[in-house]
Amino acid sequence: MSGQNLVERLSKRFGGKITGSNLDAIDPWIEVAPGGIAEVCEYLRDDAELRLNLLNCISGVDYFEADPKKAAKAGWEPHMEVVYHLSSTFNKHTLVLKVMLPRWKDDVEGELPEVQSVAGVFSTANWHEREVFDLCGVRFMGHPNLRRILCPEDWVGYPLRKDYEMPLEYHGIRGR
Amino acid sequence: MIGISPVSVSHYLLVGAVLFVTGAVCMATKRNALGVLMGVELVLNGANLNFVAFGSKYLRAESLGLDGQLIALFVIVLAAAEAAVALAIALNFYNNHATIDVDQANELKG
Amino acid sequence: MLLAAFDWHALFFTFFALLTCGFAVAVLFSNNIVHMAFYLILSLGASAGLFFLAGAEFVGAMQLMIYVGGTLVLLIFGVMLTAQSRFISMETRSGEWVMAIIVGGSLLFLLATAALRVEDWRSGHPNPAKVGLAESKTTTQIGMGFTGVRVDKLDPDVVGSPLVPGMSGYLLPFVIVSVHLLVVLVGAAYMARTKRRATSTGAAA
Amino acid sequence: MATQVDDARIIEFDVRTDEMLVNMGPQHPSTHGVLRLVLRTDGEIVSEVEPHIGYLHRCAEKIGENLTPRQWIPYTDRMDYLAGMNMNLGWSLCVEKLIEHELPEKAKHLRVIIAEMGRLASHLVGMGAYGLDLGTFSPFLYAFRERERILDLFEEACGARLTYSYLTPGGATADLPNGWLQKCEAFLDQFEPVIQEYHALLTTNAIFIKRTANIGVMSGEMAVDYGCTGPVLRGSGVDYDLRRDGEDRYTELYDGYAFEVIVQRDGHYPKDHDYPAVPKETVLGDCWHRFYVRMLEVVQAIDLVRQAIDRYSTASGDWGVPIKLTHKLPKGEVYLETEAPRGQMGFYLVSDGSSIPWRVRARSSCFCNLSVTSELCRGCLIADVPAIVGSLDIVMGEIDR
Amino acid sequence: MAEFFHTTCHLPAPLAYLLAAIIACVLIIHVVAVGALIFIWLERKVSGRIQDRLGPTRVGGAFGWLQTLADGIKLIAKEDITPKDADAMLFKLAPYVGFAASYCAYIALPFSDGWVAQHMNTAVFFILAVLGIEVFSPILAGYSSGSKWSLFGAMREAAQVVSYEVPLGMCVVVPCMICGTLNLVTIGNMQAGSFTNWLAFNDPFTFIIACVYFTCATASVNRAPFDLAEAESELVAGFHTEYSGLRWSFFFMAEYGSMFLVSGLAAILFFGGWHGPIPIAEPIAGVLVVVVEPLVNIGRYLLGFIARDIGKVTDGAVAIQIANLMGCLNFLLKGTIGVTVMMWVRWTLPRLRIDQVMTTCLKYCVPIAAFGFVGALFWQVFEVPTLNDLPSPIGINRSVAHESWVVEADREREIRAQAVTPSPADLPGESVGSFDSAAVDSLVMKGGAR
């Protein structure tokens, strides 16, 4: 199935929840609304033709440039992306889904952006989403156990955000 | 005692009496079911000591003979059986009542 | 020579008797159930020593093997299974102590008087040196005794070896005890058997 | 009184025992590093296992945002430190995919040799350590004896024994030295018959089978659901190997090589070698099958290296000159997975057009494989926990990154 | 030994006993402690060779034979830690309980004909009983450590050892049944002659029993594949997780002590004890005594100042002791072979799981042992010919001895009648069924000592 066909098919089925696509990139991707990612994933997994049953990876990418000069040249507004890499063990094809999020929910600093969890669709998403939550600061709604996974429970901040600053001190251990 | 009078049946009986009494007191005072069980073991052991003493040819010219030892063996075996049953009861009690305190076992309906 | 007159039997008897009684009392006065079990092991182990001294080698070894090695391991197993912190030490009420000491003290007094009363018991063997070491070799005789043959009751001086008067074999008690043991094992296994509760989903709701 | 404690979770018990929370790790002999498993046990039976990870977390991804791709190569070594070469390969291919760099023929075969040797070295540790988890020490040392020889070969090629940084974007840091191929072949000739010893000590050992058969059974669907990959996935009977099914950029390395994916098809494994028979007690997807797949992959890797050596010696081109240290990356993002010994190792690279990546992401195979632990260990015995975790063959460096 | 001091050196009986007891104690503690030292070194060398490496090579010269000593010094110097949550008294006592039990069991273990600390009529039973007590050491250690891993180890140990005592006992009963005694010296001596007289080769059932015995013995001393109580890949170190330094090393001394003990017991019960496969010890000793004659004479001369009767020690007695010495070496060799086999097994096999250990015991060992027991019983009852019936150049025929227990008893009665003042009233019971001539000999003297 060509990329264009797939996008059309998904748009037809999910309507406004498919918010865009880029089929010219090296790895073509489809953009999904934060509230629709679970249904889209479920559909992709169960569809007899696609059968994208393996969720390879969930990655959070922070698009933010502190330096205003560079930010002007960057060509994007500050935002957060959650990228889902899917593949099929039957058909041996892959698909990339993206969810665009604000850096902070309602632009209130400290309020984490929210996206629907796909842990109910792919069990592996459980840990991946915890990791994205831990390192990038994205809240996955409906996740059964959204806790930090790599950093300690009492860690402050989200290390993979571009504006993250290493704490000076953690339990008496020098940080910087 | 040393070097003055030879060890006699009485000495053994005294030790047996101490074991018996400590065992009996143990049974009476301990609240833990297994503690009571230990008291029973002490009592049985005290009795055993008497049997062996009466049966020993080293302590008395006219001894009870082998019968003392044979009865002692029966006691040991029965004590083992008794311990198994008592332990089963204790564990059953513990399972049903979540305690091992015998003072709590005041109802018959279980 | 003083050393030659030294009564080793008495020395070892005193040693084991003190251990036996001391640890028995320790069992009584300890509140920690695990310590109690440990003292009980020592007490019973020391009384096995007394058995050896009394020439009952087989009974002594049996005491060590079945009592100490089997029953007490079972007991400790039970202790460990039920040993939650709140059960390890259970204080005895002081009123019970007083009662127990009074009753126990009088009982001890009674028994001790009885033990020392009989002249025949109080005097030791007139000539223990004459009793051979072979007297402690009772294993075969005990085994035969259990099967109903009392070789120790054979009159050695008469050809044809008739039995001397006295109690005879223990075959019937032995069989009864065997059956008893079997019943006990089955019963104990039944009582402590695995409980199967209904799965939480259906019954509990 | 008579407090009737009815815990819905306890459905069967001999004696009411308190549920115990036991920490297995982070300093525990069989957690392969600093994994911490919190076990909720009822006697010897484990009712719940919760893995706690992150004790080795270094945030390598954050470091990657401050270094050029070639500078980040050493950090990939330290992810799966038992298969550094394969980590190098994954990252190199990912960067090459972004800059659309084409490799000379010889470099491709070089990569196959190195990657498969890396797989050998890694599976040897996995196999030996699994024996250790089950309480037998000797196979571990036998495995290390062979691994040492592989490391000797690697040392000769790149100068390092553990953290190689050998394969880099563009090719490799150097060509294989003279005589290396002969030594490598000599090693393979010596090593191949030795595998029978491992089969005798582990695979077909009665106690080993008792300990692993029908333990930690994972169906194929469950394995895919949990994102398990590599031998763990194939041990569950899912026919999926990126060397055959991956992206073109990766599979073209293996173009023309004769190999079959090691997976049980129609009740039997590929019959190209003389393998020990599968015991009757085992169930597809149990610990034994995961182990067995690894053992067969060792044999297969030997075969692949042999083929690669033949092709390498006749191939055209050079070993592939590495790209410049500060090579400008085109704007864009790529994701590429390779078949590392422990599963699919994915790298995600986002570039803003400078020579330093905007975002680097490593998709760890062990991370996903480990996440299935709580599911697999539910209701097993304590002794099965090391057996199950060991059969997943995890490396904490890769999980925690 | 006491007999020798008493009759030859003319020491007073209590002193002779004391001296003999002290010597026996010192010798046994050397077997346990120095034995542990050697066996730990051996274990390292054996495991090293099995694992294709060298093992210790440096400390103390060519074979690293002082390695264990160096480790011992390190352990002594190590800090002795008692965890905060531990039950301090039991925690400190537990290692000694195990060591004491292991040590005590040696009292009844003969190293050669008559070379035993305490001649015991119920030696087999005594050793098993005392070995059973050893289990308290891990249980108490595990319980008192205040660590969950230790507790797991203790529970496993308790369950395992209690279960394995059953088949172990059943196996041990078989040689006792064939020989008709629980006395180890007698059992050992009944296997004199060539290796065909060894009880393991008595009939097929005893061979099976010997194998089961070894399995159960391995389990009862907690060696791999049954070392669940200290399974390092599951329980960190099991019951001794929290121990350090010297206390920790006591567990090891106890372990290696009981390893040699059960191997030695196997050697006596099934593999001829101190008798070599070919009966050449006595002829060799006869030759040797001629060779060492000058030495013996010098000894007689020197010791004559202390004990004038030393000169009465005959060449024959010296030859017997030389043969005994060779027998002792033979026995040590057999025990060491047993220990080495245990090491070999340990470094080869994976560990069983706790339920599998119990299954092995209850579903395999017990039925097989019972089957072997019944089989051996029938073999004896129906007098099926055994290898022991083969014409043997030297050595007694067991079956003759077996049937003549009444005769033996008569002999004993005669000896006693000569030794002690005959007084029929004092001799109501005879030691029927005992063929222990050595004990009977010593009876004369011990009877006097009482």
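In this document, chain identifiers A, B, C, D and E correspond to the written order of the chains, with residue numbering beginning at 1 in each.
The rule is short, and it goes like this: contacts are C-beta pairs under 8 Å (C-beta built on N, C-alpha and C of every residue); 3 or more make two chains touch, one makes a residue touch a chain.
Note that this is a predicted model, so its numbers are computed, not measured.
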In terms of C-beta pairs in contact, which of C-E and D-E ranks higher? C-E
Outermost chain relative to chain E, judged by CA means, is A
In terms of CA centres, which chain lies closest to the overall middle? E
In whole angstrom, the CA-centroid distance of chain D from chain E equals 50
Gap in Å, rounded to a whole number, between the CA centres of chain D and chain C: 61
Indicate the whole-number Å distance between the mean C-alpha point of chain A and the mean C-alpha point of chain E. 70
Averaged-CA centre spacing for the pair chain C and chain A, given as whole angstrom: 73
I need the residues of chain E touching at least two other chains; which ones are they? 155, 426, 428-429, 450
Which parts of chain D, given as residue numbers and ranges, touch two or more other chains? 13, 15
Where in chain A do residues touch two or more other chains at once? none
Which stretch or stretches of chain D touch chain E in the complex? 20, 22, 28-30, 43-44, 131-138, 141-142, 145, 201-202, 205, 207-208, 210-211, 381-386
Going by the contact rule set out above, which residues of chain C touch chain E in the complex? 1, 3-4, 6, 8-9, 32, 34-35, 38, 41, 45, 57-58, 61-62, 64-65, 68-70, 72-74, 76-77, 80, 83, 128-141, 144, 151-152, 156-157, 164
Residues of chain E that touch chain C when the two form their complex: 12-15, 17, 87, 89-90, 93, 120-122, 125-126, 128-130, 132-133, 135-136, 139-140, 143-144, 151, 154-155, 158-159, 161-162, 165, 180-182, 412-413, 416, 420-421, 423-424, 426-434, 436, 439-440, 442-443, 446-450
Show which residues of chain E lie in contact with chain D when the two form their complex. 47, 50-53, 148-149, 152, 155-156, 224-225, 227-228, 231-236, 347-356
Contact set on chain C toward chain B in their complex: 5-7, 9-11, 13-14, 17, 20-21, 24-25, 27-28, 33, 36-37, 40, 43-44, 47, 50-51, 53-56, 58-59, 62-63, 66-67, 70-72, 74-75, 77-79, 81-82, 87, 90-92, 96-97, 99-101, 103-104, 107-108, 111-112, 114-116, 118, 120-126, 128, 131, 135, 138, 141-142, 145-146, 150, 152-153, 166-167, 170, 173, 177, 180-181, 184-185, 187-189, 191-192, 195
